[in-house]
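Think of it as A, B, C and D in the order they're written, each chain with its own count starting at 1.
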Amino acid sequence: MVKNEKLTMEEFLRIRKEILQGWPTGSHPALELDEAVKRLKSVPPHKNFALKLRKAKEQGVTLIQPRAGVARLDEHIELLQYLEKEGRADFLPSTIDSYTRHNRYENAEDGIRESDKQGRSLLNGFPAVNHGVDGCTKVYKNINVPIQARHGTPDARLLSEIICASMWTSNEGGGISYNIPYAKTIGLEDTIKYWQYVDRLVGYYYEQGIELNREPYGPLTGTLVPPSISNTVAIIESILAAEQGVKNITVGYGQGGNVVQDIAALKALEEQTNHYLKLFGYEDIFITTVFHQWMGGFPSNESDAMGLISFASTVAALGNATKMITKTTHESQGVPTKEANAQGLRASKMVVNLLKGQRMPDSKEIEEEINQIKKEVDSLIHAVVKAGKGDIAQGAVNAFKRGLIDIPFAPSEMNNGKVLPARDIEGKIRILELGCLAFTDEIKEFHHQKLAERAKIQNRKISIQMTIDDIYAISEGVLVGTEKG
Amino acid sequence: MKTVVIGVIGADVHAVGNKIIDYVLSENGYNVVNIGVLSSQEDFINAAIETDAKAILISSLYGHGEIDCRFMREQCEEAGLDKVKLYVGGNIVVGKQDFNDVEKRFKKMGFDRVYPPGVKIEQALVDLKEDIGI
Amino acid sequence: MVKNEKLTMEEFLRIRKEILQGWPTGSHPALELDEAVKRLKSVPPHKNFALKLRKAKEQGVTLIQPRAGVARLDEHIELLQYLEKEGRADFLPSTIDSYTRHNRYENAEDGIRESDKQGRSLLNGFPAVNHGVDGCTKVYKNINVPIQARHGTPDARLLSEIICASMWTSNEGGGISYNIPYAKTIGLEDTIKYWQYVDRLVGYYYEQGIELNREPYGPLTGTLVPPSISNTVAIIESILAAEQGVKNITVGYGQGGNVVQDIAALKALEEQTNHYLKLFGYEDIFITTVFHQWMGGFPSNESDAMGLISFASTVAALGNATKMITKTTHESQGVPTKEANAQGLRASKMVVNLLKGQRMPDSKEIEEEINQIKKEVDSLIHAVVKAGKGDIAQGAVNAFKRGLIDIPFAPSEMNNGKVLPARDIEGKIRILELGCLAFTDEIKEFHHQKLAERAKIQNRKISIQMTIDDIYAISEGVLVGTEKG
Amino acid sequence: MKTVVIGVIGADVHAVGNKIIDYVLSENGYNVVNIGVLSSQEDFINAAIETDAKAILISSLYGHGEIDCRFMREQCEEAGLDKVKLYVGGNIVVGKQDFNDVEKRFKKMGFDRVYPPGVKIEQALVDLKEDIGI
């Protein structure tokens, strides 16, 4: 049974040896820990993700980061350089392709080969493991801002080793958030263990005096996820990371669409992450937040998309997120061209720049929504701890098994899959079908009330059709779905 | 009641559309066999054989559709599924491409119907009715 | 001396006769008042500007309207149809060309001829007087939403006659707002009289059972105008219009850039317009608000522009403006193509649709800014009334003469031209050089304090250089200007 | 101290740039004669003659610049101003046009320097110094 306990150095090294044998690139000399430490120590502050986040937080600004990745190394570098220069990205990513995410390095190799042949990327991301330390280091060296791996990999141990040794100073993911939305049959216990390893690696580097950033993946399925559910997962993953020695964590949240709820969710997320970390005894963890521009189905019209992107940026800035992940006008169609990607970045940058220093004023309405989210998170975390008899790792596994936590629309069989969200009449995301969610009766009643109110105003029944209408709604240019005649 | 097999091919985990397709086709009178995400060509073919399905509706969202769907028609024929209708939809190639080209490529691969991004399953119902009835 | 008194029917008809002789198109039979009434009565509710605004206000939605106008009739119609269909405009405009604005109909005729020859518009707008009632009616008939003339014409009497008879159901402008920012040597007394005539015409139609909308032009010079100054002008023009029998008025405000100030300004504008109309004895006036997307220098990058446009839309919706005037990605370059215009509209529409029903929550911070603006407006209106010995029309003339009201950057010699605005450190527009503005000492001190605070934080002197930096700032992607090294 | 005439031509009332140009050129050591907005070709020419100006800086923002500037060079010559430098800047044509074309058209009309939208007066100072000194 997995436990929230720091891996011993011994255990860590034992697993490490095995991991590095997963693919030939694992034998690169830079993967000697001493060598990797030396390399990481050479990273200047402006290229260190963790340190740049500290500075941004101090200055109260919202920095921006795209998603981006293509199969071929040189094309990938060109892409990132373009996004840095034309898009004014503050942070760069390498979005990893889906074969790599499933450790199918042979498929990825095929993809690279085929892409070379056709002269265009046939993979949906950058196959970092296949390109290995040399390729990834070349990427690092050819850009001037910090770089992070963004993926969705249940078992990202080899990938994480390679990127760290390549001086990539942040890594997205977590044992829950990179399993439930990204896998089907992989056990939660396994992925938590995999990610404990990844966190332990970051903890190890911290012991050597190197601060790296970790980012639990906030938006989960990106589709009408109620804030309390994603916040709970972020808090659990932060605790798991902290135990392994991670000190610099960015918790994430995906835009829901209602301004009040989104800003409340961001605030609640930051406050409760700090609160629970302290409560569990982790004292010196530096927390920042990342806001994801709308993660669900996008409108296909490019101007509509620009509107949505810029609207999201307004919310991120007013909500004082430290980082924002941007989308593009190609979102509904496919992996964006570098031009489309840069356009999304620039529009976003314009908005956060204009809003520098501006905040959503405190108000009763936001306060109430913060309290609601916090109450729900408390209820869920309580259940998790109880389900694990005090151990949060065990608790998470059991809670998912029993549906005490349940992520809407997730493909994983480890997920109960009973929860159905829907918007209330104001567009706030509420829960229509609560499944076995560990909510108090008061909370359950609240959600029911909110949807009953919508049903009444829209003159319709509370039903799954609401959920479906809401899934389509934003891509059709409205927030709250309505029944088509 | 006609049977259709639905699922998401390859290393693709996009589950939302798949769940909606399941719901909508069932509501509209089909016997839906949903093999879910992360399904291989064999998974689709086996399910179709077992359930005597009239059509296979492949979803591919994540961009590798072009690789994942190669030789699907040939595999079907080899398995004796020579009459089954093959549909594919979602975001079936990498990037924003001219859909006419894309459609041609997939038709050449033996697909009967090819759908561009954003076509909702509700809109494809007409074709399904035409091709296999209800 | 001009007075705030309703024109007698006699006087009105006397002037009218003269006016209609200003250009051959003034002799069109539809300009017989009876005939014009008949035509206006045939306008269905969905094409009546005033009624569509009433409905929007009731529903609490923000509707959108572009600026648009080209020289040639058929091209103009095509443009408007495109904006209705592709841009989803709720209201259509006809932006009038600058020659017509200065009653230079000969020049306009030249412009049309030259445009015909070259096959592209050489005028910056639609020369409505030259196209006459037949042309304007053709425009009206070929679209499905209400249409308004938008211009900047000190003497718009003939223009107004022609558009009303052509079933255009709204007209922008006012004796102050279409003089001070749009003219150099034309007397304020004259333009107030001209616009009393235009309002009287609308009042006349109301007496015949036809409700038309009038819209004082809110943003003035569009350049760092402090909210209290533009709100004061809007209130004065509303009173002047109400006296002439106008019942449906849309008061306007141009985005400043600070969200709190912008939303406070919109609220203060609506509340004080209603308040002062009642105070002056006009009881049954229906007031709506229009928010103008950023009216100053635009960024040249099109993505930056999209960001700004969508950000503005967020503010308009959260501030519950009934209408919003949109900008385009071509703004910094020149009159937009129809495609660029539609793109701006769509992005704007997306945002206001997603924000349908969402409002900026009440808060202390906004409350305080509302109070500040109201205090300033009270101080200015008080001075105007006093300067006119109780008559607001006379008061306006005298107040401008003495600089009690003073519009920054206005070209008019009727304006004192001493006031210099600058942003405080939060980006709220304050006043650096107060000139003779009729502010109480307390208000003056407030503005000074705010700029002293900025000077301290930015480590610079309070000087005109702040103003210049702020003028350039937004087009360069920041809100508060900084000194270049 | 060299004298320059500035102003905004035609029925154009855009006053903001004009005020800034006045301030910046004065700060940089020029004797600025500002005839303001709504100025005709004659206004520019008369001011230049009266003040012995070395350059005329015409602003046109509102789009009618192309019409308003026709024959400006010829008018100058007729008035005996054959050495005066003619500059034009702002948004001098209607719409977003290829600037190379626009520049060519205005140069053909006899303008010495033609500026695209968004060029700040600060950037044009170098040219002015080169052409007429300070």
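Criterion: a residue touches a chain if its C-beta (ideal position, glycine included) is under 8 Å from a C-beta of that chain, and two chains touch if they have at least 3 such contacts.
Bear in mind that the values here come from a model prediction, so they are computed numbers and not experimental data.
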item	value
Smallest number of contact steps required from chain B to reach chain C	2
Smallest count of steps, each to a touching chain, taking chain B to chain D	3
Rounded Å distance, chain A centre to chain D centre (Cα mean)	55
Chain C and chain D: spacing of chain centres that average the CA atoms, whole Å	29
Interchain centroid distance [CA atoms averaged], chain A/chain C, Å	45
Junction residues of chain C, two or more chains touched	none
Topology of the chain contact graph, where touching chains are joined (line, ring, star, complete, other)	line
Interchain pairs in contact, sorted by label	A-B, A-C, C-D
List of chain A residues in touch with chain B within their complex	98-99, 101-102, 104, 107, 110-111, 114, 120-124, 152, 181-185, 221, 223, 296-297, 300, 330, 332-337, 340, 409-411, 464, 468, 471-472, 475
Parts of chain B lying in touch with chain A, wherever the complex brings them together	10-16, 19-20, 23-24, 36-38, 62-64, 66-67, 91, 93-97, 117-118, 120
Chain A partner contacts - residues on chain C that touch it in the complex	257-260, 299, 301-304, 306-311, 313-314, 318, 342-351, 353-358, 361-366, 425-427, 474, 477-479
